[in-house]
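What follows is chain A paired twice: with chain B in the first complex and chain C in the second.
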Partner chain A sequence: MSELLLTLLLGIMQAGLYTLVGLGLTITFGVTHILNFAHGEFVTIGAFALIGFSTMVGTAAAIPLALLVAVALGALVYLLGFVFTIGNHLQGLAFSLGLLLFTENIFLELFSSIPRNGPRVDGTLALLGGEQIAWSRVVVIITTAALVTVAAIALKRTWVGLALRATGDDRFAASTLGLSAKRVGLYAFLVAAVLAAVAGMCIASVSPVTPAIGVSYLLTGFVVAIIGGLGSPEGVLMAALLLGIVEALTSRYIDPSMTSVYTYSLMVVVLLALPQGLFNRKVVRAG
Partner chain B sequence: MRATALRRSGIALLLGVGLVAIASAVPDNRVLLMNTFLAYGALVLSLDLMVGDLNLLPAGHAAFFGAGGYASVVLNQEAGWPLPLAGGVAIVACALVAAVIGFPVVGRTAGMSFAVVTFAIGELMVQIISKSPELLGGTQGLTVTWGVGDEMPFGFSIYRYYSLWLVAVFVMVMLSVVWVRSSHLGLRLTAIRDDENAARGLGFNPVVYKTLIFAIASGLAAAVGVMWAPMVGYIGPDSMGTTESIFLLSLLIVGGLRSVGGALAGVLLLMVAPLYFELEPTVRIAMVGGALAIIALVEPRGIAGLARRATDRLPVLRRAA
Partner chain C sequence: MPKKSFALASLSVLVLGTLSACGGGSDDASSDGDCVVKIGGIFSQTGAASAFGSDGERAIDLAIQDANEEGFEVDGKSCTIEYKATDLASDPNNAASLAQELITGFEAKFIFGPDLAAAVPPAATAVQRAGDVMQFSVSTGMDAYAGKDEPFFRLAPTDVKMVNEGYIPAVAEQLPDVTSIAMLMTDDDTGKALAEGYTAAFEEAGVEVTQTEYYAATTTNFAPIVQRIDDSAQGVFIGYNNDSAAAGIMDAAAEAGLPPVFITRGISAQPGVDRSDDLQDYTWLVLGADPLYPANDEQQAFVDKFSDAFSIPDGRMTYFPFVHYDYVGMLIQAMQEAGTTTDVDAISDALRGSSYEGVVPLSFDDEGLNTSPMGLGILRDGQGEVITFGGE
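For the complex of A and B:
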């Protein structure tokens, strides 16, 4: 019983991280119709900024500094690059692919591929029935759950959230109401950068990180965004929960080395059955 | 139409003759570079059949390259078939497997969901290989024993001997691309790319053509793998992952879609030149990325687009063309 609870909690932790990455992808795609391959690099930036700043100024000050770096870089790549590619799928895709290859290898040169550890919350929490879960994982679960809730409410209730959804639903209609796609695109990139950077910081506080985490979380983020239906935030959450829990259960109860085989097979089956994703109302085709 | 196809095939064959001459004349330390150009050129051109002609974005092209290599090596070493037979069977088998897998995939998905399904299939192939250490060598990969210590024809080294085979594959890929593009099949592909429903209305089924092109392109990628594995004497799962497929896509986009010259220029500039100057892999790939990002902003049609702009500026060249 307790073993199942622990497995589910670990699955939910992974699902939370996938949701944060996938949400950013789906929001930027919904607004700008750019599939941002460089999105995963914000995860790397968040993780390494946290590690770097926490050795310099302590963890408490490192978190806002890391977020600031991610936001600044997000604004920079959008204003210098992506803003010119709005309206041309292939151009946006090519620019982000280039950015991905460039930044990933720059980070490899800067930080090397030796795994590093971020700041940890010490101690473990006893679950019902004797299993132990590390406090840092509990903190990650709470952080991601809170952030996903905040993001969901913000998308429904705040002005920026309404602007993002309106532009995602119909860019032309939104532009007649004074929401320029270029400006709303900037909001989308900033929100996405913050969500991904928080995911990166969470990852750094539970496991060793290398510059390659960006790409691996980018791929999972794509998977949940596309299985959920591109442009649909609720789809991302459902797909991430599905993926995270399937991963956790198969690695605990069947065979840890076969986890990726199950998840990739699940992806193929879901997409062949529902090519537009779980929650997509309209046909979205990029490319 | 036929005249164009014949003229272009003639150019491709002439280029092939030239490449054979170069392959037998390059100095020993540059043969591997030449082979890299031929292999990546053939892979990128075969990828362009899907990306340029059908707007399909596969994220698993390198997986079929690896599958071809593995299939021929296993047939040769485990089943004891002679290498040419093993290679031929491997190419045909990979094309058939691609057709069987591709039929439901192209029928059901398009755009990014196609990319994700092909990514998942490619990663599944990598996983299958990593999980079967006895037959396929697991994550360590397989060492190819064929030709080690044997005399090669014409007294060539094994690298130089395989240059000839790679030239053959390269010419085969170019001929396929030429014949697909300047034939009735090419017109149908253009129709499908531009408006799938209208193509359906004209009475041909897009799924059949997409499956056909997916199978041809994957078979050609497998052919490159068949020649590559015994040349370097090793095949491993790391050469067929998603990163490699994405890298191939980047080379293609930098070069320019639907342009043989552009694609080859992309390979020369971003794959061969950095290897020639012996840059570190991370620096090399970072350079590819930077070039791709800049080209995407300046000229979305890639090197081919830049060349077209240049010829438009120069009246002398325009008159000649």
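For the complex of A and C:
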């Protein structure tokens, strides 16, 4: 029983990370209709900024500094690149792919592919039945749950959230009310960068990271965004929970070599039954 | 500037930047001697395998620079080496086209690499089709080609000789208290093919492999996988992946309360060194020598020289330079003995049964199989050492 509880907690932790990455993807897509393949690089930025700053100024100061770096770079890539591709899906896709290759190789050059660990919370928490879970993982579960809750409330209750949702629903109608699609796009990219950077920091605090970490989470981020319904934060949360728990349970109790088979089978089944994803708010236009 | 034009211009800059960052360009040495030897390299300079691949490429580059600086003669002619490096980008799918580019475009007679097992067959096929090209690779994939009277040479002994008959018995001898282990292997052809032989070798050495778990090579979440390991295992064997995966497995195993005993294959000393305070025993296979634990002053001088040449931070050089650098000198020695830089068959014959004393000792038997000594690296109570075996 305790073993099952531990497995579920590990799945929930992973789901939290997938949610943060998937939320960023779905928010930027919802607002700008850009499938940002470079989004995973903000996971890498968050992880390596935390690792770098924490050795210089300590963990407490490193967290806001790492977020600041992610926000600054998020603004930079949007204002220098993505903003000019709004309305042209192909250009946006090509730009994001180029940016992904460029940044991944820059990061490899800067940091090499030697695995690095971020700061960790020492010790373990005893679960009922004798199993132990590392406090670092508990902190990640709490952090991701809190951030997802804050993001959900902010999307519903704040002006920025309203702007993001309104522009996502109907860019033209939103613009007639004074919401500039380009400015709202900037908000979307900044929110996405923060969410991804927090995911990166969380990952670095529980497992070794290399510059390739962003790409591996990007793929799962896309899967949860697609299963959830592109543009739907609630869908992302549900899909991430489903995926994280399925992944953990199958790895633990069935066959770890088949995890990706289960994951992608799940995506296929959901899309066959619900072609727009679990919670799609509207039919999104492709191409 | 119109916005669309600006976006296109930005994209062009990015694409150009990416191409240059990918390191797809060539690194040509001068060619002002009487004869020019063309060597090509296929290494992962970018991507997940680049920590090793880059060091392999740099080692060949440095060896060629040193050979050109020192100068050498073959059959009375002063020779220089031209070198072209290509980037495998950690993707075996690139191997065939890169090998073809080196053979037909650059006209390379000698190819070093690829550095990934799955990338060797496509490159070797291109070499076989050319008919007059020689290939060297450190990878396990070369076992299918070396020692068969063809110009293929592996820069390390076969896996059976090196691991099953060398490393595993040496590990069992060094860790007499470890009598049962769990084995974690990647879920691919190489992992599956090797697991069976490794299990038999451990059994023969008196160590029971209680379970073998295969996992997707791209996995980063090891906690649920490590949970599967039975409490009775006294150690974990981590085979064939990269340092990042090994580090992830070790951290997850520590969290799960498994005994901190790790036996690795295809992993460097680094994950163990980074966690040495929390480990009981950590072993790794040393090909040639280990930069963290050099056996003599000459090896230390090479580590310093290599690190300086490529601005590598302390402790971050892999062992790959030790299994690549000297083979350029050994190839030159074979060309001199054969009296030719172009007759690949004659040079292959000269390599077979030869030995070379470089930074590390190298040798091939009469069939062309590598018989160079290898080492068992072991970290115990925070202290590391390398125990040499083989080399007959």
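Observations
We adopt the following convention: the second predicted complex is superposed on the first by the 285 of 287 C-alpha atoms of A that agree within 3 Å, B and C clash if a C-alpha of one lies under 4 Å from a C-alpha of the other, contacts with A are read in each partner's own complex, and residues count from 1 in each chain.
One rule holds in what follows: a residue touches a chain if its C-beta (ideal position, glycine included) is under 8 Å from a C-beta of that chain, and two chains touch if they have at least 3 such contacts.
Fair warning: this is a prediction, and the values are worked out from it, not measured in the lab.
After superposition on chain A, the partners chain B and chain C are seen to clash. By the touch criterion stated above, A:90 is placed in contact with chain B alone, chain C being left untouched. Of the two partner chains placed by the overlay, only chain B lies in contact with A:35; chain C stays clear of it. In the superposed model, A:109 makes contact with both chain B and chain C. Shared-chain residue A:162: touches no atom of chain B or chain C. Residue contacts after overlaying the shared chain place A:223 against chain B, while chain C stays out of touching range.
Look at A:98: by the touch rule set out above, it reaches both chain B and chain C. Contacts of A:117 after superposition: chain C is touched, whereas chain B is not reached. Of the two partner chains placed by the overlay, only chain C lies in contact with A:213; chain B stays clear of it. Applying the stated contact rule after C-alpha superposition, one finds that A:271 touches chain B and leaves chain C untouched. Of 112-120, 130-138 or 310-318, the segment of chain B running into chain C after the two structures are fitted on chain A is 130-138. When both complexes are aligned on chain A by C-alpha atoms, chain A residues 81, 84-85, 88, 91, 94-95, 98-99, 101-102, 104-106, 108-109, 257, 260 touch chain B in the first and chain C in the second. Chain A makes touch with chain C in their complex at residues 3, 6-7, 10-11, 14, 80-81, 84-85, 88, 91, 94-95, 98-99, 101-102, 104-106, 108-109, 112-115, 117, 124, 132-134, 137, 203, 206-210, 212-213, 216-217, 247-249, 251-252, 255-257, 259-260.
The part of chain B that touches chain A in the complex is made up of residues 55, 57, 104-105, 108-113, 115-117, 119-121, 123-124, 127-128, 131, 242-243, 246-247, 249-250, 253-254, 257, 282-283, 285-286, 288-297, 300.
Across the interface of their complex, chain B is touched by residues 35, 37, 81, 84-85, 88, 90-95, 97-106, 108-109, 215, 219, 222-223, 226-227, 230, 257-258, 260-261, 264-265, 267-268, 271-272, 275-277, 284-287 of chain A.
Put simply, chain C touches chain A in their complex at residues 3-4, 6-8, 10-11, 14-15, 17-18, 21-22, 46-51, 187, 213-216, 218-225, 227-228, 242-244, 247-248, 251-252, 255, 257, 270-271, 274, 316.
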